[in-house]
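For reference, chains read A, B and C in written order, and residue numbers begin at 1 within each chain.
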């Protein structure tokens, strides 16, 4: 679910970065006020624990595949929302830097998708309300499952929205949603089971562990602040994106809506999977268009709906002469880059010969 | 299990790379961080059909990999390994966007393929930039840069602690997984209940360790406030690096050097 | 100098689960003494060590460091005076670089950067680890980690050094180097250990702990020859004092 820089635009990346930065500063402030200084080393090693635990797999019977833990919910349960958010952010940062698991500009998106929703919405809204002050095995299971499923669905939805508003990928809203959400429903169920199992295990051994989360969260036992912040954030981000999108692509909003409800040339998607599959098939069966006039039309007029294309992005000009020049230029650039690189290498590490 | 070992090796290797003493490594980490971000924003800000304008940006990774003595083969492997997500989203573009955009002689290339190629080029560029940042700077220095640039101290410490204990905890997890696999036969014993028990034990040990670390910190006078004693000094070469590269990125973003170069060659030929 | 005296008066301590770990411990250690604490696993050694710097506070009885009783209010002063080196160096070296770990204590005391630098270099020099100062802790060998962990405590300039199993997991040569190093320290030294040969080398006085009580307190030489006492406490004679297996095969 980690988003790559290649698929986002600066506007989307920047917006989500701003949201992440805001949440990070807010969480840090909250922790400073309620600092049980035990939490400092605890956060660090729990982050490392999540990292290590993610690399342990279990076989899922009858599928032949394996699953593993994502960890956002466990962190929220053990540390409370603010500390857990910071820990998730740190884990994702290390993954982005060392494993190219997610881009640096997209890091803001990933932190919100995989940390923000879990800590500030799913945890306070679902888990805490279900499990409450007196946890039991059953309630832990129910709470963890519901919270994990919700947070993963929201995260997956976030990925869809961020990709959509970036305009780099052609995937239309409904296709993408149909790809992401069911898969992450399955993943959410697994995550919920793992979370519940591990939390129960630890809770049976050390019941006081679950109390730490309360002491590091805000003073009031049932504060809804984290939840309100989460929802407000979600609203601001979604609203901001929508308005940005609408302003730069006046037809864009219309287009997206059409994209969800179906284009004129194709059947509107019927209910259920069949309708969606038929719709997808319809799009894919579209014959490639060898119409020479097409690019010129696009240049003059507004982007048309249907045919699954453009949203008013600026176009590279596509005359034959220009494309040849472009290709020549690319080749030249590559050759020069190669020469420079080779030359520099010899200069800076002569021992490598 | 190979997963754990290879991850450990990967982090260890990147760290070893960051200890080299090349001109790249000696630069101020704040400057490297900012330059990387500007690079990524410039690359990502192109329209989705851009290819020729992107290619000149390759100069940045090429130069820094050479100057910083970083292994290009290793980077290439990394890019390939990380590519699937971008690839599988990107591959929908040629499927969905079939209107011909460009002609190479008699062959028409659809917009979808062009944007797909653009995606893969962006991917290569941005992953390279992140690699150069971490291999040419090291996480400790990056954290220091973040701290000096205003990130909350507790987040910076979190990153440092996390990094510090990744090795310890992954080694512990590795031992446990090895021990389990030696007693698992015919695929039995690797299922969910042994897994949750293993992870549960690892978590308990982690909590215990956190308690001991906390005691060790208290024993040396820790009162909640974390002190970092590492001053950073900006030198002329740092400023030159930053202004030079940022200026270049802006230039390349605004003017398509590939087109110019190619048109110039064609002009020569004619 | 009275501030170097450690005094325990009828110390009792129980874990939250009710386990009575320490049941009436009393002894007195004077300035410059090197004392070993030996006993079975579970006898209460580690728990007792944590009482010296206030990580754990007694349920009843008293701990006094110099003139100062160890209470919640005196913790800062106590921790300047008593340095505790834990069993696992990985628990103690949590900063990004060795320098940072050794500087951690002095920085917390509020010393100026120059003073901190001086303390750090002195401490590293004392353990022979100056060349390690810019390395991250996870790249050190077991012996190097051990040395740095000790330096991290020495930089506080404590008068009393308390160590939990300092020679565990060390190869023979490193172990010997550590023992020689500890011999050079002027500090009051309290060492909890299973390594009875080291105890023989290093500590003239030994306290034997059995089931939360002091079973013996006296000169190391005498205690290590007392086979009956040792056996009753899950111990045996140091290997050096046992018969040579070549000359007298069992």
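FYI, contacts are C-beta pairs under 8 Å (C-beta built on N, C-alpha and C of every residue); 3 or more make two chains touch, one makes a residue touch a chain.
Quantities reported herein were computed from a predicted structural model and do not represent experimental measurements.
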{"item": "Remaining touching clusters (ignoring chain A, no chains moved)", "value": "one piece"}
{"item": "Most centrally placed chain, judged by C-alpha centres", "value": "B"}
{"item": "Two chains sharing the most C-beta contacts", "value": "A-B"}
{"item": "Inter-centroid spacing, chain C versus chain B (mean Cα positions, whole Å)", "value": "43"}
{"item": "Rounded Å distance between chain A and chain B, as computed from the means of their C-alpha atoms", "value": "17"}
{"item": "Averaged-CA centre spacing for the pair chain C and chain A, given as whole angstrom", "value": "50"}
{"item": "For chain A, residues contacting two or more additional chains", "value": "41, 44"}
{"item": "Junction residues of chain B, two or more chains touched", "value": "160-161, 163-165, 168, 209, 213, 217, 222-223"}
{"item": "Chain C: positions in contact with at least two other chains", "value": "94"}
{"item": "Contacting residues of chain B [partner chain A, same complex]", "value": "3-4, 7, 10-11, 14, 22-23, 36-37, 40-41, 43-45, 47-53, 55-56, 58-59, 62-63, 65-67, 69, 78-79, 81-82, 85-86, 89-90, 92-93, 95-104, 108, 110-112, 115, 118-120, 122-123, 126-127, 129-131, 133-134, 139, 142, 151-155, 157-166, 168-170, 172-173, 176-177, 187, 190-192, 194-204, 206-207, 209-211, 213-214, 217, 222-224, 226, 256-263, 265-266"}
{"item": "Interface residues, chain C side, partner chain B - complex", "value": "50, 53, 55, 76, 79-80, 83-84, 86, 88, 90-92, 94-97, 100, 103-105, 107-109, 113, 116, 136-138, 152-153, 156"}
{"item": "Residues of chain A that touch chain B when the two form their complex", "value": "2-10, 13-14, 24-25, 28-29, 31-32, 35, 37-38, 40-49, 51-53, 55-61, 69, 74, 86-87, 89-91, 93-94, 96-101, 103-105, 163, 167-172, 175, 193-194, 197-198, 201-202, 205-206, 209, 283-284, 286-291, 294-295, 307-310, 313-316, 318, 320, 322-334, 336-338, 340-345, 347-349"}
{"item": "Residues of chain B touching chain C in the complex", "value": "15, 140, 143, 160-161, 163-165, 167-168, 209, 212-213, 215-223, 225, 227-230"}
